[in-house]
Structure formats: C-alpha cells, structure tokens
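In what comes next, chain A is part of two complexes: it sits with chain B in the first one and with chain C in the second one.
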Partner chain A sequence: MLRPRTRQALLLWCFLAPSLAIFLLYRVIPVIWNLVLSFQYWSPLKAAEFAGWDHYEDLWFDDVFWQALWNTLIVIASAPIGIALALGLALLVNADIRGRNVYRTIIFLSYPLMTVAVAIIWRWMFDERVGLINYAARTFDLVDKPIPFLNSFTWALPSVIVANIWQMLGFYMIILLAGLQNVPRELHEAAAIDGAGAWHRFTRITLPLIRPSLFLAFVVGMLNSITSFDLVYVMTGGGPGRATEILVTYIYKLGFVQTKFDDAAAVTIVFFVLLISIAWAANRFTGGNAGAVETE
Partner chain B sequence: MGRYPRWPIHFALIGAGIVMLVPFYWVLKTSVSGENIYAYPPSIVPRHIHPFFYIDVWYSIPFARYFLNSVAVSMIAVVCNVAFNALAGYALTHGFRGKNAVMLLFLSCMMVPFQATIIPAYLITGKLGLLDSWLGLALPQCSTIICIFVFKSSFDAVPRSLIDAARIDGLPEWRIIWHIMLPLSRSAIATNVILAFIWSWNNFLWPLIMTRSADMQTLPLGLARFLSYQEDTTGALYAFCIMVLAPGLVLFLMAQREFIQGLTSGATKG
Partner chain C sequence: MRRRSVVKAALAGATVLAAPAYLRAQSSKKLSILTWNIADQQELFKQEFADFKAANPGVEIEWLDKKGPDLPAFYQTQIVAGTPPDIVDLQGAIWVDYAANGGLVDLTPYLQKEPDVAKRFNADYLKGWVYQGKTYLLPFYVAKTLLYYNKTMFQEAGLAGPPQSFDELLGFSEKMAKAEKTGFLTLNFDWLYWPLFKMNGIELLSPDGKKAAFNTPQTADVLAKLAKATASGGVNKISWTGRWVEPNGAFAAGTVGMLHAHSSSYFFVKGQGPWINGQTLGAAQLPGYWSTPTNHGFAISKGSKNPDLAWKFITHVTSDKWASAFFKNRSVLTANLAADNAGLAEMEKTDPLAAAVLRTQIEHTDKLTGNWPLPYDAELKDAFWPEIQNAALGRKEPQKALADAERTVNRLLARKA
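Then we have the complex of A and B:
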C-alpha cells in the first residue's frame, strides 16, 4: 500500500501520460532524430553512415536553399504588418460601439477556414484575366494592363503574403483584444484628466500594457507564416522558378519528392535554429517576460 | 468613455468587413452560377442560379469517401484532444514533483511546429505501422499544448473549497474531473472541440505525406488534386470549396461566443 501522497502523484503522472507520449513521439524524438539524421548518409533502403558536416556543406553551395531561406525571412518580416493591422482593428472593435460583436465575428471568420480552399480562392482573386483584384485595379485606372500576380517574380511572394495576412488577421485581433481588455479603464481616464492626448495615451499606457499579447501575437504569427506550406503549395507550388520557395516547401520537396531524407533533415535543423533565434530575439525585444505570459 | 463621433469607427470596420467577406461572396456566387471564370467584366449579382456544379462535384470525385475520412480523422482528434488535454490540464493545477520539468517541456514543444518534424514523424508513424490509416492521420494532433493551457486556466478558476469538499466526501480524482471540473468549463471544452476540429479538418501537409491509397485521402487532399487536374476553369472547383468550408464555418458560428471567450482567457492567463 502506497502512501496517499505518492499515490496522488502517481495518478497525476498517469493523467499526463497520454499527452506526454504524443509530444514525445511527435515533438521531442523528431527534433533529436532530425539532428542525428542531418549528420548521416541515410535513405530508407540504405544503412546509416556518418556524414559529418557534409549535408550542411552542400547547403552552403545550394542556391535554392539560400533563396528559400531569404523568402522565409521576408515572410517572417511580413508578420508585423499583419499584427499592426490587427492592432488597429482590435482598438476599433474594443471601442464602445453598437454591433461590435458582429464585427469581431466577421473579421475572425477567415481563421477557421481550410487553408487549401483559401489558397484556391486567392489564386483566383489574383488571376490575370478574371481576377477581382486586377478588375478593381483596372476600374480605378491603377494599372494599364493586368498584372499576372502569381506568375510574376516580383509579385508572387507578396501575393502569398497578402493571402496569409488575410487569413490570420482575425486571430491576431482576438489575441490583442484580450490584451486590450485587461488595460484598466481608470488609467486612461486619469491620464485624460491630466491632459494627455489620445496618441500619448496609446503609446504610454496601452502599448506597454499589451506587450505580452503583442509578443504572443508575434510568435503565433511567425510560427504561422514561416509554416504556411499549404498556401504556397496550392497557390504557386514554390514558383515561378523558385520565387516563392520557402524552407518548409523545400524540406517537403527534398524529403518526399526527391527522397533525400538526410538533406531535408539538415534544412530542417537550419529552419529550427532560425525559429528559435527569432523567438528568443522577440522575447528580448518585448521585455524578456514571455514565460510569464504562459505560466503566470 | 469620452464623447467622440462613432461613424468613423463604423466606417473603418465596415470597410474591413467588406475586405473579409468579399472573397466568400465571390466564391459562393461562382459556385452557383459559374460566372467570372471567363466573363469580363464580372457581374456583381449572379444572373442565373443553379446547383449544377454541386452535383458535378458529387459525381466526378469520390466526395463521400473523402468526407468520411475527414470526419473519422477529425472525430478521433476531437475526442482524444478533449480527454487528454483535460486530464493533463487537471494534473497541472496540482503541485507535484517534476511539474516544472513538465511545464518546461510543454512550453518548448510549443516552439516546435509540426512542419519541422515531418521527416521523423513520417518514419515514426511507419515504424508504428500506422501509415495510411485513420489513427495515424489523427495521432500527431491528439493533444495540443495551447488547449492544455486553456483547460488549466479554466480549472484554476474553480473554487478550491468545492474540490476540497468533494475530496472529503471521498470522490476519486477522475470523478472530480467528470462531475465538477468539466461541467464548470464549458467554454474551455468548446474551444478545444473547435480548435481540434479545425486543425485536423484543415490539415493538408500530414495527409499529403502519409496517405498512399486513394481510399484514405481526406478533403483537403481531394481539393488540391481536383485543382491540379481541373485547373481554375470550372465552377465545380468553387462548389467543392464551399462544400469543404461549410462544416468548419457552421461549427464555428454555433459556438463562437464560447470559443472567443475561451481563447482570450487562455491566451492571456494560460
């Protein structure tokens, strides 16, 4: 017979077991396996052999890899644009106006949509001949002739980014709204009585107080845009050329089209290091209390 | 608060609403009329409405089979998510040895996106013999860290005295969860159900990698394949989009109040 305290602890571990098993199988082990695989020559039908830094050296001379890395960085850099837009919307739907719940729902509506379908919709919005965007641009005389957005080396990546922001906007908005609702109203009123203008109140009171939400939105946004595989795969397939190739699509192509699992693992490790360093930088930038947001 | 004109706010929000809704409208319109695929300039209101494209989708692909696969995988994911996350969230409301390590593990796992694990995930699922099966499709999504924290914060809000009273009455832990915690955490459950459903219903990359037979394809795969052999030239493609989007949207609209509530409280207080 175990002591009650020990029994209790044992029971709690049993409660945690299913979740822990899933994360072990699909998060922890894969990260380690990727690391090991990236230092090996290996394919499903071949015995593993030590490769040292060979795969990383290959990447260094691989133009596609650099292009994919660069595109990924651009996509990450676009996350703050979406967050800034969402912050504006969050401030608006936080105002004391009629029907704000309806506005919130409408703006959030694109988040639960299937990304493959979103990609198909936006392929068509950006279409050269019959796309709505070209039609609007031509109606208002913004362009002389239609732009083939998704077949253009200049426009393809921005187009994918626009679709991504469209889908994520509502999600950022909800995160920021939660932060805004925690800002005490009295602070604003007191500052207003002291003669602080709206802009001052926003930069001195609101922004510092919603920092944790901003950080959360940025991390979620970065994770989401860095991994927007579905959008790229369906909208452009990485093309034209490699103009919209991002690291995730490159990993997929290396691994599951060319069956070079070991090379793909090396790209994954680079991808992972990039991810961690950006999250770390964002954490520093917002005051280094990200852990506090989640654990409290 | 203060007095300021409301109309600029409405004006801006209506503008944003239009940007969010126009793509929906456009797809819906084309799915029932087939306009705007060739026609230029486009017409704003559909001229002739007919259900032809929906019937076309039904007969030109095994829609029912894809639908069944998607529903089965999503059901497994939803049931496992609610059960596992509630248990884990409940455990985390207690203090026990090793809790900090578990928290640290969860928080670091949050930073590992699924896309960064696809190669080992594929190999592991192969070793488990689950490639090309419903369970294998659902397994990586059977527990999610964000949802564990949503449950934890909801359970934290339950008054301590209630739990202590139940303990004194000799209620075992699992019955405390079932009879006290869960009935008081409706919005956490709604959040879990919706997120788990949306994530598995919309998942594309994982089924793309691990399904082999045509019989195991889910709706997103079917949609992407449909696009690849039809190109953007038929209203059926857009009818297919509507048929695929509808279930997620209906579920979301049914529970959106609880969902947004659960999400906001979980995101900040987690």
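Then we have the complex of A and C:
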C-alpha cells in the first residue's frame, strides 16, 4: 500500500509522462543530435566523420551567417515595437468605449491566420505594380515611382517586419489586455485621489503590474519573430541578395538546398544558444521569476 | 480441446500474417517514382503506367509528385531513411551532388548495352547529364534561355531586330528606357544570367576547376557596363533582385523591351500579357547564341531494389510514343528528337508563336553554358552571385565585388579540394 504522498507523486508523473515523452522525443533528442552533428562531417550519402570545431570555424568566416545573424537581431529588436503598439491598443480597448468587444475581435483576427496566408497578403500589398501600398502612395503623390518594397535592399527587411508585427499585434494585445484587467481599479482611484496624473498612474502602477504580461508577450513575440521561417520564405525567400536572410532560413538553405546538414547543425546550435540567452536576459529583466507558480 | 482451439487459432493467425508477406514476395517488382511539380500530368502518367504494366505483368508502380522546393528536402529524407524512390526526376545541377556521392546509378552500361536509347536524344542535352565520363540521367523535359523581345517597343525605338552583340544589347536597352519603360531584364536563378558573361569570353573557373577565373579586367568592364545600364534604367533592376514572378510579370506588363529567360517563361508571360501575339512578341537567341539550360531528367536511385526494371521504365516514358504525348500535353520539349520534331511541326500549325519560342530550344544546343557538373554547384552559386548583385546594383565597385567573390569562391574550392 503506497503512502498518499507517494501515490500523489506517482499520479503526477503519470500525467506528466506523455508530455515529457513528446518533449524528449521532439525537443531534447533533436537538440542533442544537432550538437553531435555539428561536430561531424555528414551528408545523406556519406558516413559521419569527426570534424572537431571545423563547422564553427567555417561560420566565423561565413559572411552570410553574420548577415543572417544581424538580420535576426533586427527582427528580434522589432518585437518591442509591436508590443508598444499592442499596449496602446490594449489600453484603448480596455477603456469604457462602445463596441470595444468588436474592436478586440477585429484586432485579434490577424493572429489566427496562417502565416503563409499573411505572407501572401502582404506580398500583394507590397507589390510594385499592383500593390495597395504603392497605389495609395502614388494616388496621394507621395512617390514618383513605385517602390519595389520586397525587391529593394533597403525596404525588404522593414517590409517583412511590418507583416510580422501586423500578424502578432492581436496576440500581444490579448496578453496585455489580460494583464491590464488584473490591475486593481482601487489602486488607480487611490493614486488619483492623491493627485497622480494619468501618465504617472500608467508608469507607476500599470506598467509594473503588467510586467509578467509584457515578459510573456516579449518572449513569445521574440520566438515567433525569429522562427517565422514561413513568413520570410514566402515573402522574399531571404532576398534580395541576403537582405532578409535570417538564421532559420539560412539553416534551411544550408540543409536542404546545399545538402550541408552538418553546417546547418552548427548554425542551429548557435541559434539555440542565442534563444536561450535572450530568454534568460528577458527573465532577469523582469525580476528573475517569470513563469513561477504561486503556491499559497 | 481447448488446447486444439488455441493451436488452430494460432495457425489461422500465422496464415493471415504470412499472407501479405507471400503476396509481397509475389509483387516484389514494385517501382516508386518521384516527380517534380508535374502533378497536372496525372492522366498521362496513368496511361504510361498502364502501358508499362501491360508489358511487364506483376509490376506495381507508386507515383509521388512534390512541389518545387519540397522535392530536394523530401528526397534527402528518403535517402536518410534508406527508402529512396527507385526513379527520381531531378532538375538543374542538383543531381551532380547525388551522383558524386554515389547516390545515383550509373546509366552508362545500360546505354552501351542499348545504343538506340542514346540515339533518341539530342546529344547536347544528353551530354548535360554526364559527370566524370558517366551518364546519370535521361532527359525528361528540357528548356534553355532565349531572348524574348517586345516588337512594339522595338519599333517605337526605331530598332529593326534583336541585338547581335553585348554592346548592342545594352545600346538597344538604353534606347528603349523611358519613364517607366526599361530595355532589358534577365532571370537570375540557376546561373541563367551567365550567358551575358560567357558571350564576353568570361570563364567562371580555371580549366581544372580548382580556381576562380572570373576576376579579370574584362569581367570588371562587363559589370561596370551592366551597373551603368541598370542605374540609367536600360537594364531593369529586377534583373538583379527578382526571382520568377517579378521579372516575368514585369515583361508581361509590356514595359520591358527584352527578356532573357527560358522557354517555360513564355506560357507564364502569355497568360499575363494580353498584348502578346505573333506581331508583338519576338523570340531570338542571345548574341553569341549562348544559353543556360534548366533541364529535368530521370535518374535511378542507388538504393533501388530493381534498377534494371527502373531502367526499363525510364526508357519507356522517354520513348518516342510517350515523349510525343508529353510534348503534346505540356507544350514542352523532351530532347527526344523524333517527339520534338513531330510536336513542333504540329505546333507550327496551331500556335506558330509558341513553336517559334520552342524552336530556339533545339538550335545552338552546342552553346550551352552555366551547366557545369559541379557537386557543390549550390554553394558556388551562393558564393558568387551576391557580389555580382552588389556590383550590378551599384552597391560595390566591380573590381571590389569581383575580388570579394574570388576570395569566397577560392576558399570554397580549396575546402572542396
């Protein structure tokens, strides 16, 4: 006869086991395999051979890798822009305005769309000949010639970022709205009685209290941004040149276009380390206990 | 009694389990075929398969088609899993990597044994599938670049016919460039732009393939001319940035004088450009008659359990009968001489413009370029192209771009040596 505490623990592990098995099979083992592969010479038709640090050394001299890393960092840096916009929208739809549920729904609508669909929509929007943006810009005499957004070294990456922010805006807004609705109204009322203005109430009460929501939005947004392979691949394919190449598209090209799975594995490991570092930094920034469960 | 029932049940179970194995053994002559972005030919393939099965009783055929970028990834995973399809349709230079690493069956002994098979094909197209003296594929369908020109824009600019030299090509382009109109556009993927360099006598690599050979004053001069023409609008910028839809779409819009693209572009452009007819569109060779092919061929995977049967199958689908049917169905050349000649003769009557376009594909096939059999072709493209792009778009001085490209290419070649 098991003790109640042991029985409870056993039950917990039973419930956890399927998820843990999936996590192990599809997350942990591939990462370990990637790590091993990054130290091997390997292709589908060749037997593996120890390569030492060769692939990492190659990366050091690989201009494309540095360009892709730089672009990835720019895309990560764009996540706060989307969050700031979403915070503004969340504050608006959190106010007592008519039809706010309709606005919430409309703003959220872009998020459940398939990324490939989003990419195709924006590819047409940015099109040089028939795109809505160029049409509007020329109608209002903002430009003389249509701008080749997705074929321009200057505009391609910002265009992809705009599409990405548009898709994620609804998600950020819902997360932040949930955070805003958890801010006790009494705190605002007490601060107002004490003479605090709207800006002070926002910076001293609202922002600190929605910090966990901001953290969640940032981490999810960041992960979504830099893993948005489908968005980049459909909109620009990483081009023109390497203007929109991000690490995840470069990994795909190394593996499946150039058949260099070993090099792709090395980039994947660097990418993994980058993700872990950013998630850790974001956690530290928000107090170091994001995601912790309160037990009392 | 109970024990007997158990034994009976066990025997019955074993029979049920063993039956499929027995049947599998009977139908071990199974062929799997992987094709590339040609699912629309299902009806024709069904007929071809039925014909093959009638001549080879007991053979099962499993056909799978994958879209453009999906095929290489899928094929690689199948190789890793140890279950590659018996026959695979490969395009461009991707096959060389597989051939060089022992992933494809050498077809040379089969071709020697059945010399009539080789005689079916245009020798230049067949030669395109040779790596280190061995043939690895048979042509399925073929295309190479040509020069499309907008006759209306030519007339407006006072030009009588297509250009005969590189300088004339750029000169004509400048003449046609006005406001939103540009003179020339080229597709740029898969070395399709290379004829522009080749017609100027530029080589990519040294004859032994061990060093870059392109960093010469001549190349710098060509790049400088292209950059100047691009800056002035003579050459459309999409030449250096677009992929497929953008350049073809731009030409179809009727605002570009010349398009350097392969014959497959014709049907896309015609579908989008209502202005296109025999009076307004011309098809010609580039100056110097150089062109870059983008061919599809059938290869047999090394992992095939039935390579002889697979060979029989690919000779079946590339036979005069089925190549002709494919030409008729898809309006595409097959490199099968009899099928292409018959198809073109028929097409002259029904669609003379399409026939004129396709006719260019069987002319000057001795001047194919950009189709080097290099196992690291994709890496080489990646090392070379960005610098050409930089120079043509005026982002780098031609000399600097060429020096940077040379350094990257030589580093790659040294690593591969």
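Brief remarks on what is shown
Rule of thumb we're sticking to: the second predicted complex is superposed on the first by the 278 of 296 C-alpha atoms of A that agree within 3 Å, B and C clash if a C-alpha of one lies under 4 Å from a C-alpha of the other, contacts with A are read in each partner's own complex, and residues count from 1 in each chain.
Here is the rule we go by: a residue touches a chain if its C-beta (ideal position, glycine included) is under 8 Å from a C-beta of that chain, and two chains touch if they have at least 3 such contacts.
These numbers come from a predicted model, not from an experiment.
In the superposed model, A:Phe202 makes contact with neither chain B nor chain C.
Of the two partner chains, chain B is the only one that A:Arg185 touches; chain C does not reach it.
Looking at the superposed arrangement, the partner reaching more residues of chain A, out of chain B and chain C, is B.
In the superposed model, A:Phe272 lies in contact with chain B only, and not with chain C.
Once the two complexes are overlaid on the shared chain, A:Leu25 sits against chain B while remaining clear of chain C. Looking at the shared chain after the overlay, A:Asp63 reaches chain C, while chain B stays out of its contact range.
By the touch criterion defined above, A:Arg129 lies against chain B and chain C together after alignment on the C-alpha atoms of chain A. When the two structures are aligned on the shared chain, A:Gly241 is found in touch with chain C, with no touch to chain B.
In the overlay built on the shared chain, the residue A:Tyr41 is in contact with neither chain B nor chain C. By the touch criterion defined above, A:Leu113 lies against chain B but remains apart from chain C after alignment on the C-alpha atoms of chain A. Common to the chain B and chain C interfaces on chain A are residues 129, 255-256. Contact residues on chain B toward chain A in their complex (touch as defined above): 1-2, 6, 9-10, 12-13, 16-17, 19-24, 26-27, 36-42, 80, 83-85, 87-88, 90-92, 94, 96-98, 102-103, 105-107, 109-124, 139-140, 142-143, 145, 148-149, 173, 194, 198, 201-202, 204-205, 209, 219-220, 223-224, 227, 232, 237-238, 241, 244-245, 248-249, 251-253, 256, 260, 263-265, 267-270.
Residues 8-9, 11-13, 15-16, 18-20, 22-23, 25-31, 33-34, 37, 89, 92-93, 95-98, 103-110, 112-117, 120-125, 127, 129-130, 132, 135, 139, 166, 169-170, 174-175, 177-179, 181-182, 185, 188-189, 192, 212-213, 216, 219, 223, 226-227, 229-230, 233-234, 248, 251-252, 255-256, 261, 264-265, 268, 271-272, 275-276, 279, 291, 293-296 of chain A touch chain B in their complex. Those residues of chain C lying in contact with chain A across their complex are 69, 72-73, 76, 79-80, 97-98, 101-103, 180, 237-238, 240-243, 246, 249-250, 253, 376, 378-379, 382, 386, 389-390, 393, 395, 408, 411, 415. Interface of chain A with chain C (complex): residues 43-46, 58, 61, 63-64, 128-129, 145, 148, 151-153, 237, 239-242, 253, 255-260.
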